[in-house]
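As structure tokens, here come the structures.
Each of the two complexes below includes chain A, the first together with chain B, the second together with chain C.
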Partner chain A sequence: MGEIFDWIDNRFGIRQPHRKFLHRDIPEGVNYSFCLGGAALVCFIMLFLSGIMLSIYYVPSETEAFNSIVRINNEVRLGWFIRSFHKWSSNLLIISIILHTIRVFIYKAYRSPRELNWVAGSLTLVIVFASGFTGYLLPWDQKAYWATEVGTSMAKTIPIIGKYLLYLVRGGEDVTGTTLIRFYAMHIIYLPSCLFILLWAHFHMVRKQGIKGGL
Partner chain B sequence: MSQISISHRSPYKLSRGHKMVRRTFLKKTIKLFFFVVSSISISVFFLFSYPWKIRKKELTFFYVTDEDMLPVKGVRQVSIEYSRYSRPMRTKAYIVNTGSELFALSPVCSHLGCLVNWNWPRKRFLCPCHGGQYDITGNVIKGPPPAPLSRLPMKIDKEKVYIGLRV
Partner chain C sequence: MKNEEKEFYPDYLAEILLIVFIALEVTIVLALVYPQGIGRQINFSTPYRPLPEWYFLWLYQIVRYFPGRWAFVGTILLPVTAVLILIFIPYIDRGKRGRLKAILAGLILLLSFLIFTLLPALNP
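Let's look at the complex of A and B:
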């Protein structure tokens, strides 16, 4: 195994940059709360993997969405497990990313030279919330429907542009199958792609600027 | 990094007959952890994505035509309508009378499964996909098909003709 990897890496050369990235100096005064960002990353990876598995069986259509969820839960082998895994990982991701934000705030790690990284992190937080919100509609049951009805109607309260923003988000006047497909596309393509770019930027800046030490 | 006392000798060379140092132990533990987690994940993936039920296809007879509508000599195309997962499906079959023998031929080309058409002027079954050609009894004349057209079970009951399909 090691020899095969060596053969590949002698040509591909991925080990050296990763070693540079992963083996870095840790300042004094760090503690376990500095692991919260890593915990969020692990949650994101788990969500990504369980999400691409669920996408095999989920059908984003007005008539079939709920039925496909029932099928995943009751008939697909380990379907209940993967769906619960996705659900609980999403909860854990939101919890750990909020705690991570609080930790950064308390340790004043948003100050120069890390302002841009704080911005990238905040955008990540917003996109994670959006992912959670769009994912909530996908089971297409009563709870999901009304949560989306209420959640999207918040957009209407914005002066002047609110109405048009609401139509944009819902893909029409009401929450319908169009909204479902919109949210599905957001949930599985648009938002994860943004997250990948943002996380890459986030980790790049963590590497360049180093970890802020204790208080 | 520099505070670690083993930095002047490679931990990789401490395998046989030496005491395992802490760093090697940790590395091995982490490797084992990732190996276990990834093999479990891959097994779960295949268990999850493999179809949970595979239906056995059963031989069913479909009414196609009356006995007096059978060809005296030549080929007649019949269409068969059935439902699969409560969706209407439609396929065809050929009833062939060579003069000495009466049988039903499946239109599914033995090469890659396209449906062949009977070409009356040339007295051949032609496959539109890769140019396979069969004669009236279903034997390959030209092209890539590895086997002749398969025959379908046919029965005549009370002047009605039935053809059996696995659906």
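Let's look at the complex of A and C:
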């Protein structure tokens, strides 16, 4: 058995990175509150997986969006569950990311050399909020429509550029099917891509700088 | 700074896996017990003020304080300031009493988030 493993390892080179991964140094004073960031990552992965499942049946169009949600809830096998799962993991993501921020703050883990990682984390928080906002419109029901109507109309209040910004966000004067497609694209392509880049940077820096230990 | 008692493998890895399964289970249980309902179809003739998601309630509340031509204070100025304070926390924590300033800034952010989230939740 050992010989076979050695033969594979000589070609595959799995032992070395594995050792590095499993025998890393963990500083003193690490406790369960350090898992909050990991919990947020788990929520993000759950959102990603349930999101790509929902995208199979969801139709981002003015006439079909609501019907496709009804179909996901009533006809698609376990569709109601995947949809609820997506919704609940988004709530848990917000909660765990906020708690993670508080934890990092309390442990002073934002201090040099980790300032840039704090900035990356803060931007992640902002993008997660934006994802929540764009996702809210997608069911295309009464609540979603008017929440987006109110939410996007806030752009208009910005001096000088407000009018143009509103047009850019809505893709027109009012919230229409164009807005829906815009929000859909933001929700499933633009914002997740930003999140992937930010999270990669976040974890890269955590690995380089190590975990900051207890108080 | 090596931790003498516990190793990443297997001690911390087991704890990490525990958290992974707890997060997964909590989500599954919540989704099973409180599934998402279907909303009402859009009716353009009856606009109503919908409540946003709970994590946007703070914004919903502060926007109400600035009507008319000062609306941009609630919609843009205060939220952007809050985000900038959050991002620049490491730079607020500089020099003498840096930590104190950072704690003050952090507390202002956290307390205003909590207060302005609870206000509309308690009396919508």
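Just so we're on the same page, the second predicted complex is superposed on the first by the 192 of 215 C-alpha atoms of A that agree within 3 Å, B and C clash if a C-alpha of one lies under 4 Å from a C-alpha of the other, contacts with A are read in each partner's own complex, and residues count from 1 in each chain.
As a convention for this text, contacts are C-beta pairs under 8 Å (C-beta built on N, C-alpha and C of every residue); 3 or more make two chains touch, one makes a residue touch a chain.
Remember, predicted model here, so these are calculated numbers, not experimental data.
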Partners on chain A (chain B, chain C) - clash or fit: fit
Dominant contact partner of chain A by residue count, chain C or chain B: C
Touching partner for A:I181 - first (chain B), second (chain C), both, neither: neither
Partner chain(s) touched by A:H23 [first = chain B, second = chain C, both, neither]: both
First (chain B), second (chain C), both or neither touched by A:E75: first
Touched partner set for A:A144, first chain B, second chain C, both or neither: second
Contacts of A:A130 with chain B and chain C, given as first, second, both or neither: neither
Which superposed partner A:V59 touches (first chain B, second chain C, both, neither): neither
Chain B versus chain C as contact partner of A:V42, first or second or both or neither: second
Partner chain(s) touched by A:A201 [first = chain B, second = chain C, both, neither]: neither
Minimal inter-chain CA distance - chain C and chain B, angstrom: 5
Intersection of the chain A residues that touch chain B with those that touch chain C: 23, 25, 81
Contact footprint of chain A on chain C as seen in their complex: 1-3, 6-9, 12-13, 15-16, 19-20, 22-24, 26-28, 30-32, 34-36, 38-43, 47-56, 63, 71-72, 75-76, 83, 86-87, 89-91, 93, 99, 102, 106, 110
Chain B contact footprint on chain A (complex, rising order): 23, 25, 49, 53, 56, 75-79, 81-82
Touch list for chain B against partner chain A, complex: 1, 41, 44-45, 47-50, 52-53
Interfacial residue positions of chain A with respect to chain C in the complex: 22-28, 30, 32, 35, 38-39, 42-43, 46, 66, 69-70, 73, 80-81, 83-85, 87-89, 91-92, 94, 96, 101-102, 105, 108, 110-112, 114-115, 118-119, 122-123, 125-126, 129, 132-133, 136, 139-147, 149-151, 154-155, 157-159, 162, 213
